[in-house]
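So, here's a batch of structures to check.
Below, chain A partners chain B and then partners chain C, in two separate complexes.
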Partner chain A sequence: MRLSWLRAVVIVVVSLVFALPIVWMFAAAFKTNVQVTDPSVGLFFTPTLENFGNVLADGEILAALRNSLLVGVVSTVLSAVIAVPAAWAVGRFGMHRTGSLVLVARIVPAVSLLVPWYYLFAQAGLVGSYAVLILSHMFVSVPLILWIMIGFFEGLPVELEEAGRTDGLTAFGAFLRIALPLAAPGTATASVLAFVASWNNFMFALIFSDEETQTAPVTLFNFISYASTDWGGLMAAASLMTVPVVIAAIFGQRYLVAGLTAGATKG
Partner chain B sequence: MTSTTEVVRAARPAVRGERTVARDNRRLKWVMLAPALAFVGLMIVFPLLYTLNLAFTDAFGAVNAAHSYVGPRNFLDALGDTRRFWPAVGRTALFTAGAVVLETVFGLALAMLMRRAFRGLRLLRTLLVIPLLTTPLAIGILWLLILDPTNGIANHLLTSMGLPRQEFLGSVSQSLPTLMLIDVWQWTPMMTLLLLAGLATLPGEPEEAARVDGAGAWQRFRYVVLPMLGPTLGIAVVLRSVDALKTFDLLYATKGPGGGSDFEVETLNIYAYGLTFDYQEYGLASAVLVLFTVAIVCVVILLRRRPEGRSA
Partner chain C sequence: MPADPRPGPPPLTRRSFGRLAAGVAGGAALAGCAPGRGAPSRDTPLRVMGVNHVWSQAISKYVPEFEELIGRRVSMSLLTADQLSNSYNVKLNASGTDIDVMMMRALQEQLLFAHNGWLADLTGRVTGDAAFRWADFLQAARERSTTGGKVLSVPIVTERAALYYRKDLVAKPPATLDDLMETSLRLTDRGANFFGFVGRGQRNGSVSQWSSFLYAFGGDFTIDGRSGIGRPEAVTAYEYYGRLLREAGPPGATNMTLEQAMPIFAQGKAAFYVDADAIYTNFLDPKVSTVQDTVAFAPVPAGPRGARPYNIPSWSLAVSRFSLLQDEAWEFLRWAAGPEMVARIQADGIPGARTSAWSAPATLASFPPDLAAAMRRSSEIGVGHDRPEVLQVGRARDIVGRPLVAGILGGSVPAVARDADAEFADFLVRDNRYREA
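Let's turn to the complex of A and B:
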């Protein structure tokens, strides 16, 4: 397909606008602190691993990344376990009014949940524990997975499940043996997006984590206060947080786009 | 679909009565829905009631300290506060309106640009997905570096083109517009992807008919594509607005508590957070949050009304 000259130029400019800031961050992570604060250094320099060495030797960032991974995986799996069947029920039995109740979770400002949750979790002696972080992240992931999967189940032909019923499966059997395997790509997409939401979540961990359970965004935030002295380290830490996302975007772009835009094209 | 279902149903050997099946279905759907519904319900109903209750008290210092009911005083205090509350309302509105309008315009332009395939489309889509999925903390940090008033590449580029240096996030007046533009950078891709998905579902005939009738590219866009894209555009604007109203991470990461020394980026969300965790003013904070939540719901209702009214 031939491009008009103007269109090609616009496309290149747009690509650079979105790519360069991220590239600049990754590049800065490989610069010495003298190079980072000298904008004339640009993108061509002898890279150093010093920043990553410092950051990883510190141990705090590494521990935080491990916490983020743990909370992200557990909250995503638990969310999928309760949200996928719910999405099937909403999609198959047309319970949209009930289903949309869950979307209230998207509208309410998270700040208004912090104090009541803190009160509840403090009563249960859970503040600072992984359990609180997992529960609070699930509050984001369950509606997210539900939202994506309702559309996905609606897109599956109901005839397949009907045929399964004819062959003697119960309704639950039809879900388990027919709908669920067919929905595997959707579930994978929704789970990746839920994991990313947890991985990126800042506010809940800011309030509910302690030194032991601190997740990466909070560590990154604490790092900013002395950023002026260690831009390179800060960029290395930010890069470590961003790498998984970039990998997911490169390999799963098509699925992630489908997940991100799920539900937007129906009235 | 319904007719096929009926055919399948009729052809199915009657192992069990239809009524039993219907009852099983009814029970099953609630069993499947219950855990998710119960979880979200428990996590949200108690907080809403708790916040609503606190809003009418003078709770201060510790959440479980003794407090007494003060009627609507917190709401009156907030609504009469021209020093912190109303400026925060103004900043929230400005930030959200500015960001969402720019994201819609750029997102739409970009979606039209990417509508027809070209070499590198996949790469561009990947590039668009990355900012969306990157933690706002990292986004904040990378823009702090780029926009650093003395050592940032942005000022280096400006001065090398003979333009004046800017303070960006270092100045009171430029902070909010700068953060708005960072939000535009991060979230325009979301708008683009949503609108591309919408464009992909549009039938081609109306546009082709308009072309045959001699409509130019702009006319086809304005009078054929845009009206058909209305519902998707409406949903995209609502989703973006709700999230933009509640922006927290980027603002807090770059400007810290209170939205900076002069409260220059203190939006309602940042204000409510500060009241809660810096001042322990739980009563007033709850009142502000109730007002904020009501405002968000109103915005959603207002935005949802337009496209439906038009298509009816």
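Let's turn to the complex of A and C:
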């Protein structure tokens, strides 16, 4: 009994710590700028929709959200197309050294790649295009999906694919018709995480985008100017940016939980 | 596992994988060596990178006029100051041609950018164009635009230190730093969450605002090329500013830069605030300020060596040396920093760098009268820098700001200043060596 009380208290405290910045963000989106910077104004105030009105009327954040969606969806789909079969191959055929090679992409600090990448992309005339943003985001997404999916495929019973091959399937056919459908929760998990990584990516978008392809994380900084910050507008725009990811996470929660725990009980 | 009965593609061996990888790498290398975009077409926009600043917002309203003038589209990308610096560092390190006009802080970045060879020489253009009237720019601003005898930028926005105060609490502004200290301490009421003074206290961010106090006590960051922060004048300035914020300032002052300090004054919770005059509109806007009717403006009070506020060109325009549209980029500078546009922008309340605009009653009328008087006074007596004039300004500010933090926290300023002075002396030697390399 005492342990369950302690557990409840810990859960509440930890939840509050994690939820507070998000609650503050949503609350600030409905405050005036004077109220945002006044610590005495907490969660009880007369809300205003003015910030959302200004942000939506400007249209810039909506264009940036559209760009983020395009780059996020395309880079995630392309990454999944490459990384899911690769993960199956690494998992099934014990190619862990190859898998580790791909992991190098996550180990190398991305900032150190900016100058050479920028040089190459500028020479190819790609800077400012969606193509360069998608390619750079895939650099993050492919290893992420690959390594989530390796564990997933290793957790699937190999006998299922062997049965398929006995019935005449090729190795790739067994992957396509048997392993891939069974790995749907894992693919969903990895894709949602890759999409969130792309959605929030700031550094690549800062350097490789132009005013027409700018994504939402960079556009958020438009509310911070040299001598002042439009906190209300910034929080309204940040809320608009957060909501789609929260909705995607809620709808994908069933798959996410299944996917995140897959492989945990292997053997 | 049973063997696949049907013939299929040959298995991917390590050798064939190696060949594939080499092919991909070779292709990528060839793509990298391929010619770039070449000469710009008529559709190539003139790319202007700038900071998100009231000047940028004001000029963007007039940009269609310029586009009509040169028959080319202008693309403006606005970022925060730090992001702008990071973008320049990446793009210009890679000799990127997609920046034509650069908005930059001459005092923070020009020495480094000039050292890296990133800025086009504008000397012939500014001096050879009679209509541009280079001599019309404030002398201090012209000096900051010139590095190694070459004009590398054109100043567009200037700033001076100003004292913001509450006229409902003090009948007239303090004339000396002693008055400021005494009045600030008297007005402080921590129980009522009211503070006599608020200002920047963060180690790096506070250095520029502290400079006016340093000069007023007779010090400077460097004296004859050597560190000046260990001298008695500098130690007194550190101790004064530290005590002011410690005894009359809000809690957590050492974490405060502009974004944190300004709202405290704007919310009516402080009697005095020292910062750049360029931010005055924040206190007159009822959306962000509760003191729009009670705020007043004055020059920074005088110290033992008189009043010596900084007076700097905060933002300038330059042309990237890698730009393929250098003529058009210069045309942009000529238009945006020309006498007519500076007068128009200054009439919108944004202080420029031309003496003609400062002497025109029409442009001065856009500022509150007491602020205009303070600005004019500070322009006359001001010092042309607000931070150490070195290549690595950020690192220098970190060193110089250390005794400031010690002063605010009530530590031993002389001891910390002695350490910082030794570190700054070493830094200056290295910085000079790097500059000469």
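By our rule, the second predicted complex is superposed on the first by the 233 of 267 C-alpha atoms of A that agree within 3 Å, B and C clash if a C-alpha of one lies under 4 Å from a C-alpha of the other, contacts with A are read in each partner's own complex, and residues count from 1 in each chain.
The rule we apply is simple: a contact is a pair of C-beta atoms (placed from the backbone, for glycine too) under 8 Å apart; a residue touches a chain by one contact, two chains touch by 3 or more.
Note that the structure is predicted; figures quoted are calculated from it, not measured.
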Check your understanding: In the superposed model on chain A, is it clash or fit for chain B and chain C?
Key -> clash
Review point. So, does A:Val34 touch the first partner chain B, the second partner chain C, both, or neither?
Key: second
Exercise for review: Kindly classify A:Leu62 by the partners it touches after superposition: chain B alone (first), chain C alone (second), both, or neither?
Suggested key: neither
Exercise for review: Have a look at where A:Ile207 lands relative to chain B and chain C in the superposition and call it first, second, both or neither.
Suggested key: both
Review point. Counting only touches as set out at the top, which of chain B and chain C does A:Met241 meet: first, second, both, neither?
Key: first
Practice item. Please determine whether it is chain B or chain C that touches the greater number of chain A residues. Key: B
Practice item. Using the superposition on chain A described above, determine whether A:Thr170 touches chain B (first), chain C (second), both, or neither. Key: both
Point to revise | Partner chain in contact with A:Phe221 - chain B first, chain C second, else both or neither | key: both
Practice item. Could you tell me if A:Gly128 is touching chain B, chain C, both of them or neither one (first, second, both, neither)? Key: second
Review point. In the superposed arrangement, does A:Leu120 touch chain B (first), chain C (second), both or neither?
Key: both
Check your understanding: Thinking of the overlay built on chain A, is A:Pro143 touched by chain B (first), by chain C (second), by both, or by neither?
Key -> first
Review point. Between chain B and chain C, which residues of chain A are contacted by each of them?
Key: 37-38, 98, 114-116, 118-120, 162, 165-166, 168, 170-171, 207, 221, 224, 227
Point to revise | Residues of chain A that touch chain B when the two form their complex | key: 1, 3, 7-8, 10-11, 14-15, 17-19, 21-22, 24-25, 28, 36-40, 82-83, 85-86, 88-90, 92-93, 95, 98-99, 101-102, 104-120, 135, 138-139, 142-143, 146, 158-159, 162-163, 165-166, 168, 170-172, 175, 196, 199-200, 202-203, 207, 216-217, 220-221, 224, 227, 231, 234-235, 238-239, 241-242, 245-246, 248-250, 253, 256-257, 260-261, 263-267
Check your understanding: What residues of chain A sit close enough to touch chain C in their complex?
Key -> 32-34, 37-38, 98, 114-116, 118-120, 122-125, 127-128, 162, 165-166, 168, 170-171, 206-207, 210-211, 218, 221-222, 224-229
**Study point:** Residues of chain B that touch chain A when the two form their complex
**Key:** 1, 4-5, 8-9, 11-13, 15, 21, 24-25, 28-30, 32-33, 35-37, 39-41, 43-44, 46-48, 50-51, 54, 63-64, 110, 113, 116-120, 122-138, 140-146, 148, 151-153, 155-157, 185, 189-190, 193-194, 196-198, 200-201, 231-232, 235-236, 239, 242, 246, 248-249, 252-253, 269, 272-273, 276-277, 282, 285-286, 289-290, 292-293, 296-297, 300
Review point. If you look only at chain C, which of its residues touch chain A in the complex?
Key: 1-2, 4-6, 8, 17, 28, 31-37, 47, 51-54, 57, 75-81, 83, 86-87, 90-91, 93-98, 258-259, 262-263, 266-267, 276, 278-279, 281-282, 287-290, 315
